[in-house]
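Here it is, the structure in full.
All chains are identified by letter, namely A, B and C, in their written order; residue positions are counted from 1 within each chain.
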Amino acid sequence: MKEFKIRTQDLTLFYGEKMALNSISMDIPEKEVTAFIGPSGCGKSTFLRTLNRMNDLIPNVSITGEVMIDGVNIFDKQIDVVNLRKKIGMVFQKSNPFAKSIFENVAYGPRINGINNRTELQDIVETSLKKAFIWEEVKDRLHDSALGLSGGQQQRMCIARTLAVEPEIILMDEPASALDPISTAKIEELIFELKRNYTIVIVTHNMQQAARVSDYTAFFYLGELIEHGKTRKIFTTPDKKQTEDYITGRFG
Amino acid sequence: MKKGNRKRIIGGIFTGATGVSAFLIIAIIILILVVIILGGKETFSWEFLTAFPEDGMLKGGIFPAIYGTAMLVLIMSVAAVPFGTLTAIYLTEYAGEKSVLAQTIRFAVRTLATVPSIIFGLFGLGFFIRFVGTGMDTVFLGGELKWGQPNILWASLTMALLTLPVVIVSVEEAIRAVPRELREASLALGATKWQTIRNIVIPGSFSGILTGTILAVSRGAGEVAPILFTGAAYYLATLPASLSDQFMNLGYHIYILSTQSSNVDQTLPIQFATTLVLLLLTFVLNFTAVIIRSGIRKRRAK
Amino acid sequence: MNQNTEKKKFVFTKESLKKKFRISEFLSEKIITSVAFLSIAIIILIFFFVFRETMPIFKSQTAVESQPATAMVQEQYGVDSSLILNDQGQEQYGVDSTVMVNANGQEQYGVTESGLQDTGEVSSTDNAAGSEHEVAVLKSLVGKDWLPVSDHPRYGLIPLFVGTLKITLLAILFAAPIAILAALFTAAFAPNWLREIIKPAIELLAGFPSVVIGFFALMVMASFFQGIFGYESRLNAFVGGIAMALAAIPIIYTITEDALTAIPASYKEASLALGATKWQTALFVTLPAATPGIFAAILLGIGRVFGETMIALMATGNAAMTSANPFESVRTLAATIGAEMAEVVFGDTHYSVLFLIGSLLFIFTFGLNALAEFYIKGKLVRRFQGKS
C-alpha cells in the first residue's frame, strides 16, 4: 500500500442538533483516486467538504475528531484556512465559472496569490488548460467570457482553474453529474491523467463511474463509513451486506 | 335558490369593488400624468431647460434648479452609495443571520426608511449646520461664519442619510443573488474573504449597486422637505461654485413658485413645466431601476 | 513539474500552514463593521440632536428653578450661549404672565412646592421674568393658539395636533380601503397580465415626489373639489387628506399585497376544496389570515401621512384652526416645521418649539414603525409557522 495523504480519526460532524457524520476514520492514499459512494444524504459530500474546511462557512456546524493531512491536523487552531485551501483544490457539482473571461478565470487563483506578471500568468494559464485537456478548444478565445463555454468545457475549465493554484489534493464533488456522456467521458479521462500527480477524492452518485475511475472506494450510509477498500474488492466481494445491496442496486 | 342569488350578488359587488379600487388608482396615476404633461408641454423646451430664470422668476428657464438638483444628488450619491454598499456587505457577508448586531442594524435601517423627511431636515440643521458647521467655523476659521449656515454640502449629506436605506436594501438584494457556488469557488481557490468579496461579490452585485444608486438619486431629486432649511435657495443669480454655496432645486422651485411667487397665475406654465421635468426625471430613473431589478430577480430565480 | 516536486517538500507542514495575519483582511472587516454601525449611530444621533435643540425650553426653566439668580450666575453654571441669547430674547417680550399662570405651569411639570414658592417670591426680578416666560411657553404648548410670531408669542400645539389627526384620519379613510381592496384584487382576482401592469404602476406612484402630488392637489384637485362641494376655503383638510392618501396608497398596497401573497396556498386550497367560491375564499380566508400584515400596512401608512411635509404645506391651507369640519383649513405638525423653520432665529424659543414638534413627530413615527414591525414579524411569522 502507498503512503497515506489524508487520515481522518473519529471525525464527527453536527449540523446544529443533527448528526451528519458519525465517527469516521479513513486513510486516503497519495496519488490515487478515492471514490465516495452512497445514497444522497449519506454524508459523503459533507465529509468531502470537511477535508478543505469548506463547512466552516456554514453556521452551526460543530466538528470533533481529526483530519490529518501529511500529519498536520487541519483543525488545529494554528492552521490558516486560506493557505490550506490553496493546497487542496475543489471542483464542484455544478460548474461555477466566474463571470469573467476564460483567461481571468484560470488566472484568478495565481492573481490572488500575488502573481501579476503578464507572461508568468500566461504560462500558468496555458499549462493549466493543457493539463485539463481543454487548451486546444479554447486557445483562440481565451478572452471570451467563460459563460459562453458548454457545460463540459466549463467543468474542465474549472478543473484548470483549480490546477492553476498548484494544489496537491483535488476534491471533486460529483463533477460530472450535470454533464452528457461524452463530456463525462472526457472528465473521467482527465481524472485518470491527473492522478499521476495529484491525490484525488471524488464523490459520485454513479457507481459505474466509481468503478471506472477510482482505485479505492468508500461506501457511506446515514453518516457512517460502512466500508472502505480497493475498488475492485468493494465491487466484487464486499464485506458488508449493506454495501452489496447498494452496489447491486437493491436500494439507493 | 334565492339565497344562492344573494350570495352571487354579494360576491359580484365585492369582486367588483376590488377591481374598481385597483382601476381607480391606475386612473389617478394616469390623470396626474396627463394633467401635468398637458399643462407643461407648451413651456417645456430646450430653451426652458438651459436658461436662467428672468424677471423675478416670472419668466425664463430653470437651468440653475436642474444644475442644483444634479449637484445635490451627485454629492449625495458619493456619500450614500459607498456607505450603503458597505453596510449591505456587512449584513450579507459578515454578520451572522441571527446576530443581535445585525438585527439591530436591520431595525435601524428600516426605521431610517420611515423617519419623516422633515426630521432629516431638522437633523441636518441641528447636526450638520449647528454642530459640525459651527464647530468647523470655530476651530478653523476663528468664528467666521462659513460652514455654520445652510449650503449644498449639508443638504446633500442630509439627503444621503435619507437615501441610505434605499441603497442598502437594493445592494443587499443583489448580493444575495450572487450564487453561493461562486463564493465557494473563490474560497476553494484559496482566496480570503475580502478577496472574494472584492473580486466576486461586488462585481457580481454591480447591477444592484447601480439600481440602488438610481433609486436613491430618484428619491433625492424629488424630496424637498430635508433641504428646506439645509441649503436650498429661493433664487440665485449664479450657480453654486463651492460646497459652501447654497443652491436651487427643482422640487423647491415648484414649491416656491406655486405657493410664494409674486404672481402665481402668471408662472403657472413654468410651474407645470418644472413639475413635468421633475416627474420625467424620477419616472425615467425609476423605470430604469425597475428594469435592471427585474433582471436581477430573474437571475436569482434561476 | 520540477517546480511542483520541489515545493512539495515543505507543503503541509505546520510551518507553511501557520495562521497568517493579513492586514487588508483585518482592516476591511473592521471598516465594514464600523460602517454598518453607522445606521444605528444615525438613529441615535437623530434622537440626540433633535432633542438637543429642543432642550432650551426645558433647560432654562430648570436652571432658573434650582437657583433663581442673575444671568451671571447662570453663566457660571456652564449654561451654553444659546440659552443666554434665549434669555435676552425673552426679556424683550417682557412679562406677560401672572404668578397664577406661573404656578399652573409649574404644577404641570411636576415642580415641588418650595420651588414654586421661590419663583413666586422673586417674580419681580429680571431673571424671574425670563423664568415666567419659559413657564408661559410651556403652558402655552397645551393651549389652543399657535401664534409664534407676535408680541406675545403663544405656542399652542393643540390646533396642530388636531390638524394633523384630521388629515391623517381623512387620508387613511381614503387610502386604506382603496389600497387594501386593490391589493386583494391583484392577489386574488386579477389575471397575471393585469397584475404585471398594476404592480409597476403603483410602484410608479410610490416614486412620485410628494411635491408633485402637492402641486397636483394645489392646482387641480382643490378647484375640482371646490366645484363639487362648494366650500369656502379652496385649500383644506379634505383636499390635503386626499392628496396624502395618494402618498399613502402605495405603502399600504405594497405591504398588504405582500401579506396576502405570503399566505400559504394550502389555506386557499383548503377553502376552495370545501366548495367556497373564489370571492368567499378571498374575503373569509385570505383577508383575515393577512390581518396582522394589513394592520402593519395601515400603521406605516399613518406614519407616512403623519410626517408628510410638502403635501401638507401645499394643499391644506396652513391655518392653525381647531375645528372638526373637514372643509376648513388646517395646519399639520410637519408643515409647521417646514413653513417656519427657515424664518426663525437659531436658538430662540420658537426655534426650540419647532424642534420639540420634530421630536414628537420622530417619537411617534418611531413608535409606529416599531409596532408595525412587531405585527409583521411577530404575529405574521408565528401564524404561518404554526407556533401560535
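Keep in mind that, in the parts below, a residue touches a chain if its C-beta (ideal position, glycine included) is under 8 Å from a C-beta of that chain, and two chains touch if they have at least 3 such contacts.
No experiment lies behind these values; they were computed from the predicted model shown.
Centroid analysis (C-alpha atoms only) places A farthest from chain C. More C-beta pairs in contact connect the chains of A-B than those of the other pair, out of A-B and A-C. In terms of their C-alpha centroids, the spacing between chain B and chain C amounts to 18 Å.
Mean C-alpha positions place chain A and chain B at a centre distance of 48 Å. Work out the mean CA point of chain A and of chain C, and you get 56 Å between them. In chain B, the residues touching two or more other chains are 192. Among all residues of chain C, those that touch two or more other chains are 22. Looking at chain A, one finds that residues 82-83, 87 touch two or more other chains.
Only residues 22, 24-25, 28-29, 31-33, 35-40, 42-43, 45-46, 49-50, 52-53, 177-179, 181-182, 184-186, 188-190, 197-198, 200-205, 207-216, 218-220, 246, 249, 253, 277-280, 282-283, 300, 303-304, 306-310, 313-314, 334, 337-338, 341-342, 346, 354-355, 358, 361-362, 365-366, 368-370, 373 of chain C touch chain B when the two sit together in their complex.
Per the touch definition, chain B reaches chain A in the complex via residues 96-97, 179, 181-192, 195, 199-200, 203-204.
Against chain A, the residues of chain C that register as touching in their complex are 1, 3-4, 7-8, 11-14, 16-20, 22.
By the touch criterion given at the top, residues 69-72, 74, 76-80, 82-84, 87, 166, 168, 197 of chain A touch chain C in their complex. The touching residues of chain A, counted against chain B in their complex, run 52, 54, 57, 59, 82-83, 85-90, 92, 94, 96, 98-99, 108-109, 112-113, 158, 161-162, 165.
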